[in-house]
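First chain A sits with chain B, and in the next complex the same chain sits with chain C.
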Partner chain A sequence: MELITSFPLAEIFILFISAFLMPFFKKDKHIKIISISFLLIAFILSVFTLMFVFQNGPFYYAAGHIDTILGIQLYIGPVEALLSFVFLFVFILVVWFSFSTIDAEIQENRIKLFYIMVNLLAASILGIIFTNDIFNGYVFIEVAALTSCGIVVVKETQENIKAALKYLIMSTIGSGLILMGIAFIYAFTGHLNIELIHQVVLEDHETFQKSLLITVALFTAGLGVKSAMFPLHTWLPDAHSSAPTASSALLSAIVLKAFAFFLIKILYRMIGFDLVNQFSILTIILILGCCGMIFGSLSAIFQKNIKRLIAYSSIAQMGYVFFGIGLGSPFGAAIAVYHMVGHAVTKSALFMCSGLMIEETGHKTIDRYKGLGHEMPITFALFTLGAFSMIGIPILPGFISKWYLSLECIHLDKLLLIFVVLSSSLLNAVYYFPILINGFFGIENLQDKEYRSKKVPVKKTIPIAILILAMILIGALSKNILDFISPEFGL
Partner chain B sequence: MTLLHNYYESASIILFGIGLCTLMLNQNLIKKIIGMNIMDTSIFLFLVSKGYIAGRSAPIITENYQGVNAYVNPIPSALILTGIVVAVSVTAFLLALTIKLYESYGTVDLEEILKMKGDDHGVNNKLPFS
Partner chain C sequence: MDDLILKKVVKFITPCIQLFGIYIIMYGHISPGGGFAGGTIIASSLVLQHITFGKNDMHFIFRKEMALKLISFSLILYSLIKGYSFFGGQFHLPHPPVGVPGNLLSGGFILPLNILIGLTVSSTFYIIFTLFSNE
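== the complex of A and B ==
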């Protein structure tokens, strides 16, 4: 039992160690094997952690066995265990997928760097999820920001360098705001541990009400930049569309979510539900979430480039997460987490499908994909299922989070917000359906066209198929997942 | 009046504002990087002033322990050390990217770069080695 509680720290450590092992190997093949095998080990450990949390409930782990006030503490509750499990699962499948595609996308001498970055990114994401210490969280956030810029710029075109620089500059603004928030909260509570800060805040929040408001605003803006909250999302479409396919899948599916989850931690575990509801910050998050849902979808409609379209769709989907957070109720936060899980699996599958389509046709624009459903039926069928989840067809996770968000709106007596959810859902249909309909029924466009290869090997579609299967499972098991995570939010 | 007496806090917030404005409003990348450094330094000033108590020494015990009240809180300094390391690495990465950008665009002005639109919106033939 004692051993299992140290697994979360072990996951972070072995991923860091694997990243530092890789430079010692020369052949790309070895690098790939190291990358995926260490991710697999971490994944197995996360399965054990998940089972342990499922049986025994949440637990704390003091890194280095130093007491709480000085040391770094990890907290592993149901949400943390579930998110680490899902994210590592996505990481493994994306890395598996990248084996067959990365060679064609980036220069040969960059492949090693790519896998080093991926493992560092995995470690830092796990760190952000597990940590119970805000400064430790800040360090992991910085590592994640640098490595995610790294996997964008690993493909050295003009476009990529520009996008990565834009991303890094926005990211540094966010980090600066977060660090200022940490400095503020340390100045008036004297603690860095989330739990201890929570106690102090509960006791004397009246003496520093305004400072607390500033702190929450700083954290919200800082983490909002990093997780593409509506007016701060400008870096996302460039970065996600120009990166190699595997990188965009990771960035869109996982990196955004980790920062949003850290925001949930700050708002609901550090400040607490009762107190945070007194601030107007939640209303602002809610409104920005609504704007993101509508604006992201509206911009996606006018996109010609498929990866840009999916990137804008990510902004809309992050809007749902912020919508859930902004509702200010425990169940809203639980749905936000559920949406992160569902979207992580779906969006990575969509990006990988689009990568295969680009590889197959040699074009990034959507109007070239007419009749493609006959050319590459498996890939297109998987893309269709993923798109259905985004639109919100029942059973799939997209539908379930929209359904529960609407129910929660009724429960909280905010009926107007249902129209926002519904219209965003319709807008999703407006930009996904044309691709699907043209893909399956545009056979006349197939004539006089030469595709690079007649068939995508089935091997390449296996990771996507597994992800889509997992997506359907997440949809089918939605009740169990929500029951598992909602005690965390005091339900 | 309390604002005037909290010199460190006021100065660091003013510096933070200067840094943030430079970072966001300037189009020159080098100036942006300078702004980011000013912003980070202001936070270090804020944090280090929180750990400082007049008349006390650093918590390094050489010969005799002088009691709790003789020393300052070391944690903010430790945090700032970490913060400086992070800021240095981010600056290094930003400068490296700026050099790459200058090599391929010939300018470090972001506005001019955004005007030069690449035609990478349709055809996937811009791979560096294809």
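== the complex of A and C ==
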């Protein structure tokens, strides 16, 4: 029992160590093996953690000999266990995919740096998910911010450096806001542990109502920058579209979600549902989420570059997460988490498909992809399935989160919001369907296209196929997943 | 820089700076100071040498690749020692002892951890310097 409870810390620990093992090896092959093998070990540990939480319920873990008040504590509930499991799963598949594509995308002497960054990123993301101590969370957020800039800038072109600088500056401002929020909350509660802060806040929140509001606003803005909340998203399209394919898959699928999950922790575990509903901040998150859903999709319609299109689609999808958070009900937060899980798997698969398309055709613009469904059928079919989930075709996770969000809107008597969900869904269809239809049908597009002429080797498509399979499973098992994570939010 | 006085003075002053840095690292756990402060002082001596004697001389003493390996080695060792404390609480391993004022070899893991931080910080600062010095 004791052994399994220390697995979450061990996951973070071995991933950090693995990153610093890499400089001792010269050959890229060895580095790749180290990277994926340590990720695999961490994944296996996360499977055990998930099973343990499934059987025994949530648990706390105190790191070190010191007790809770001074020491660092980890909290592993159903959501944490599930998210760490899914994120490590995506990490492994993206790293596997990167083996065959990264050589062509970045310079040879940067490959080692890339994998160091990936493993550090994985460790820091797990830290953000597990930690029950906000300052500890801040440290991991900083590591994640630096490493995610690192995996953008690793491809040394002019636009990459520009995008990474933009990302670095904006996410540093975000970190500063978070740190200020932590300083505020430490000043008037005297604790950094989320549970202890929650107790103090419950007892005498009347005395520092205004400061609490400022704190929550600081956290929302700071984490909003990092997870691409609507008006603060401007770094995202540049960074995600210029980065190497594997990096954009990781950034879009995982990094954004971890920060959004930290916001859920702050709002609902540190402040609590009852109290946070008294603030107007949730309404603002809800409105910004709606704006993100609509404007993210609207901007995506006008994009020519496929990676930029998918990046704008990420903003729209993060809008759904903020929409779920902003509803202010436990079930809304649970759907937000479910959407994170579904979107993590789907968006990484979409980015990897687009990477393969760019590699095979040599073009980044979508008007060159006409008839591509004939030339590379497997990749395009996988892309289609991913796009279907984004649009919201039943059984796929995109549909399920939209469905439950609409139900929750009815439940909360906010009927107008259903139209936002519906119109965003239709807008998703507006920019994904033309790619699919032009890719598969249209007789004039298919002239002088040879069937399977740009066939991708099977080993490149296996990771994507596994992700798409996992996506369908997540959709099919949606009820079990929601039942598993709902108790966390007091349902 | 080709200047005799500068070279003579730097030759004389570098060991003093390094000794002072080592002192601050070693006494970090029982007096003010520690790995980070001492590490920056040692790094300043390395930078001084690099500026005075040029890249080639420094290349002979302390190469960038070596510095990177040194950093990685110290970080791994650091995390392994620190990992004992992190996991030790759960498995009821013995608690590392606390320091005694005036006694250098006390304080459990703090001395080795400080030394490792010193190595990491000095190498990192030197590497950052070499990134910006374009010779």
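Keep in mind that, in the parts below, the second predicted complex is superposed on the first by the 477 of 491 C-alpha atoms of A that agree within 3 Å, B and C clash if a C-alpha of one lies under 4 Å from a C-alpha of the other, contacts with A are read in each partner's own complex, and residues count from 1 in each chain.
One rule holds in what follows: a contact is a pair of C-beta atoms (placed from the backbone, for glycine too) under 8 Å apart; a residue touches a chain by one contact, two chains touch by 3 or more.
Predicted, not measured: the structure shown is a model, and the values here were computed from it.
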{"item": "Chain C versus chain B on the shared chain A, clash or fit after superposition", "value": "fit"}
{"item": "Which superposed partner A:304 touches (first chain B, second chain C, both, neither)", "value": "first"}
{"item": "First (chain B), second (chain C), both or neither touched by A:13", "value": "second"}
{"item": "Partner chain in contact with A:103 - chain B first, chain C second, else both or neither", "value": "neither"}
{"item": "Touching partner for A:63 - first (chain B), second (chain C), both, neither", "value": "second"}
{"item": "Chain B, chain C and vertex chain A (Cα centres) - angle in steps of 10°", "value": "40"}
{"item": "First (chain B), second (chain C), both or neither touched by A:175", "value": "first"}
{"item": "Touching partner for A:21 - first (chain B), second (chain C), both, neither", "value": "second"}
{"item": "Contacts of A:203 with chain B and chain C, given as first, second, both or neither", "value": "neither"}
{"item": "Partner chain in contact with A:2 - chain B first, chain C second, else both or neither", "value": "second"}
{"item": "Per-residue contact with chain A, leading partner among chain C and chain B", "value": "B"}
{"item": "Overlay on shared chain A, then closest C-alpha pair between chain B and chain C (Å)", "value": "7"}
{"item": "Common interface residues of chain A - those touching chain B in one complex and chain C in the other", "value": "none"}
{"item": "Residues of chain B defined as touching chain A within the complex", "value": "16, 19-20, 23-24, 29, 32, 36, 39-40, 43, 46-47, 50, 75-76, 79, 82-83, 86, 89-90, 93-94, 97-98, 100-101, 104-105, 113, 118, 120-129"}
{"item": "Residue ranges of chain C in contact with chain A within the complex", "value": "68-69, 71-73, 75-76, 79-80, 83, 85-91, 95"}
{"item": "Contact set on chain A toward chain B in their complex", "value": "70, 105, 107, 135, 138-139, 142, 145-146, 149, 153, 155-159, 161-162, 164-165, 168-169, 172-173, 175-176, 179-180, 182-183, 186-187, 192, 242, 304-305, 358, 362-365"}
{"item": "Interface residues, chain A side, partner chain C - complex", "value": "2, 5-6, 9-10, 13, 16-17, 20-24, 61-66, 71"}
